[in-house]
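Following are the structures in question.
In the two assemblies presented below, chain A is common to both, partnered first by chain B and then by chain C.
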Partner chain A sequence: MYEKEIKGKNNTGDNMTKEKYEKVAKKHEVKIPKTKNAIIAFLSGGVIGLLGEGIIELLCLFTHISRNSASSIMIVIIIFIASLGTALGFFDKLVTKFKCGLLIPITGFAHSMTSAAIDYKNEGPIYGIGANIFKLAGSVILYGIVAAWIFGMIRYLLGGNI
Partner chain B sequence: MLLLNSFIFCGIVCMIAQIILDNTKLTPGHITSSFVVLGAFLDSFSLYDKIIKIVGGGALLPITSFGHSLIHGALAKANEYGIIGILMGMFDLTATGITAAIIFSFIFTLVFKSQN
Partner chain C sequence: MTFTYDNVYVKETSTIAGPYEKEGPLKKYFDKTIKDLYFNEKSFEKAEIKMVKESINILYKKAGLNKKEVDVLLGGDLLNQITATTYGAKNASKCFLGLYGACSTIVEAMIIGSVLIDSKKAKKVIATTSSHNTAAEKQFRNPTEYGAPKPDTATFTATGSASILLTDEESDIKVESSTIGQIIDLGQNDANNMGKVMAGAAIDTLKRHLKDLNRKPEYYDLIVTGDLGKYGKEIVKDYMKKEYDMDLSKNYDDCGTLLYDLKKQKECLAGGSGPVCSALVSFGYIYHEMRQKKLKKVLIIATGALFSPTMIYQKENIYSIANAISLEVV
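Up next, the complex of A and B:
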């Protein structure tokens, strides 16, 4: 009965067509400063990369470990900083400011895990933290593994050695 | 020189992601997932290894390196144990990052409260 009424006439009173709606929506759309965002992402991402290489070189300089173990320690340090920053709350503000500059490096991975775990902490250790810690990072792991398996099988069956 | 290369490479990857984010309706989740797939794809031709040699630490940080480490560990084990090695070695190289992320986020979740 209600459906008929709605179909029969426009019960809101105005006759907004689709084109008209799009026009109005476009007028009020928030314009994204694309060039500025791209430059900010470049600079902030670059600083993270610079920090990573810098930590590796400092570790190699002051301790006698191989470059491989230095890279692992560097990744652990970066993840530690990102996790702690998210838990303390200031990393969220940095992410809204720098966006992809912090989301694409491994900092984004650590940030998504910590923020999901902290947000669902109230729901308990199993259905809260345990079930939600991989909420956002899970897709990265899932598609990474599926893709690596498919490409790995192809590469292996073609007889390639790495 | 590696420092400059790291800055440029990591910056460019982030910039590409930001440009995709601003110009399409994809969310950061879509972008990180597809970047991981891209990294795995690049390493199936050993391209990412060459990038790491030129760039150094800057190439290990973007999420593309996650895909690269997955397939790299898998193929390294496959050389040793045959086709089952692909499953055995999948997490070999990424174990550091994933384990560290899990442990740190768990500890910090127990210690700190939500800010919102």
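Up next, the complex of A and C:
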């Protein structure tokens, strides 16, 4: 019916090739400021570390628990603060500013689980939260265990204490 | 494939835009804006469905029609199984066709609608589309609250829904011609640089449209691409100049850069994207300017990235497509 109006017979898109396109498109790419981001992440990650150490010191100072127990309590406190930040909706804004410095420490782990849980709460406790809470954190747990096993084996084989 | 039409007219358009779009420079052209991403609903998906319903309702109200008078409603969105459109378009017309062309969906719907009217199979057709920033983010990327750092080339999915009513009754704006795009694979695989992924499709469709109708870019008062963002836009200009010696510096723009004030709205990075991006700009701002006769001939090239997260993880390229439709003041 539209035969007479179909004027474009050549459907191969002229002579655009990947190489030609890439040559022009490359000029309009933006470099990610990797060094700058790395420095920001190093400093912000360091601040989290400092905060953790500070909490441990305070706990040891004011309560009479062992350093080991204090570090466990510190982790719980940091996780709580990060998760609360996610729930109140400002942690993602901090991540945009402070880059991976907030994602790599335990704060990022907590954040990845809380954000996934919030996202899928409407799909219910089983198919939503339960099935998706480890969406991002699952990889961390799996490869964390694998890495721990590998390094544990290396240490054992080198004659270290278990 | 380029068609020309004789009896397809734009009767009315409707737009409903989200909170980020409300902060942008085009606020006054939208029929309705919403304050937050939930739109008084429990989930982002339900908010998107509600926006689709609203945009269709506004369209009926503005056109003074009732729902039995529209033959077909065509549309699609980004959610899995195009649910925003299907749930939102329930009972909204006599028949329904769901479409998927990613961010090029609205022009795809307009082309099919125009062909239906031109072939006298239908008298009144609605084309509709929607997208929702966080609903799309949840589906295509990380959880919405995660906020992983993104490069400047990444685009920002627009929130809103927009609809257009095409009829065979004469009005002051007609659908003049359209070009259906082809699937383009230029070896691109960076989901954080969709402008670069889709600019190739925009160039291809624009070139073929101009060639098929024997036109120069100057024929149009305005040529807009859908959602290439500020970097993709430059690729189009540069490539057209270099390879085809066509100057687009005067009458070409991109809806993704028009929708937001990119200097102020830093969170929008390279510009807007999503099916509703080109629809909000075209049915809001461009339609308004055409009604005022400030723009007379406009070519809208909606660009879409055809992919899924699964295919990216399986190391496949991101394909792209661009469909073009030309509107003229009668």
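Everything below uses one rule, namely that the second predicted complex is superposed on the first by the 134 of 162 C-alpha atoms of A that agree within 3 Å, B and C clash if a C-alpha of one lies under 4 Å from a C-alpha of the other, contacts with A are read in each partner's own complex, and residues count from 1 in each chain.
Basically, a contact is a pair of C-beta atoms (placed from the backbone, for glycine too) under 8 Å apart; a residue touches a chain by one contact, two chains touch by 3 or more.
Note that the coordinates shown come from a computational prediction; the quantities given were computed from them, not determined experimentally.
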* To do: Once the two structures are overlaid on chain A, check if chain B and chain C clash or fit side by side.
  => fit
* To do: Identify the partner contact of A:Cys100: answer first if only chain B is touched, second if only chain C is, both if each is, neither if none is.
  => both
* Asked: For A:Gly89, is the partner it touches chain B (first), chain C (second), both, or none of the two (neither)?
  -> both
* Asked: Touch check for A:Gly45: first (chain B), second (chain C), both, or neither?
  -> first
* If you stack the two complexes on chain A, which partner ends up touching A:Met16: first (chain B), second (chain C), both, or neither? -> second
* Could you look at A:Leu58 and tell me whether it touches chain B, chain C, both or neither (first, second, both, neither)? => neither
* Please indicate which partner A:Lys135 is in contact with in the superposed arrangement: first for chain B, second for chain C, both, or neither. => second
* To do: In the three-chain superposition, say which chain, chain B or chain C, touches more residues of chain A.
  => B
* With the two complexes superposed on chain A, say which partner A:Ala25 touches: chain B (first), chain C (second), both, or neither. => second
* **Superposed arrangement (fit on chain A Cα atoms) - minimum chain B/chain C Cα distance in Å** => 5
* Which chain A residues lie in the overlap of the chain B contact set and the chain C contact set? -> 32, 37, 86, 89, 92, 99-100, 103, 114, 118-119, 122, 136
* Interfacial residue positions of chain A with respect to chain C in the complex -> 1-2, 5-8, 11, 13-14, 16, 18, 20-22, 24-25, 27-30, 32, 37, 86, 89, 91-93, 95-96, 99-100, 103, 111-112, 114-116, 118-120, 122, 135-136
* Could you pull out which chain A residues touch chain B in their complex? => 32, 34, 37-50, 52-57, 71-72, 74-76, 78-80, 83-84, 86-89, 92, 99-101, 103-106, 108-110, 113-114, 117-119, 121-122, 129, 133, 136-137, 139-145, 147-149, 151-156, 160-162
* To do: Write out the stretch or stretches of chain C touching chain A in their complex.
  => 1-4, 42-43, 45, 115, 119, 138, 142-149, 151-153, 179, 182, 184, 186-187, 193, 195-196, 199-200, 203-204, 207-208, 211-213, 231-232, 234-235, 238-239, 242-243, 267
* **Residue ranges of chain B in contact with chain A within the complex** => 2-3, 5-15, 17-19, 21-23, 28-29, 31-37, 39-41, 43-44, 46, 49, 55-58, 60-63, 65-67, 70-72, 74-76, 78-79, 83, 86-87, 90, 96-98, 100-102, 104-106, 108-109, 111-116
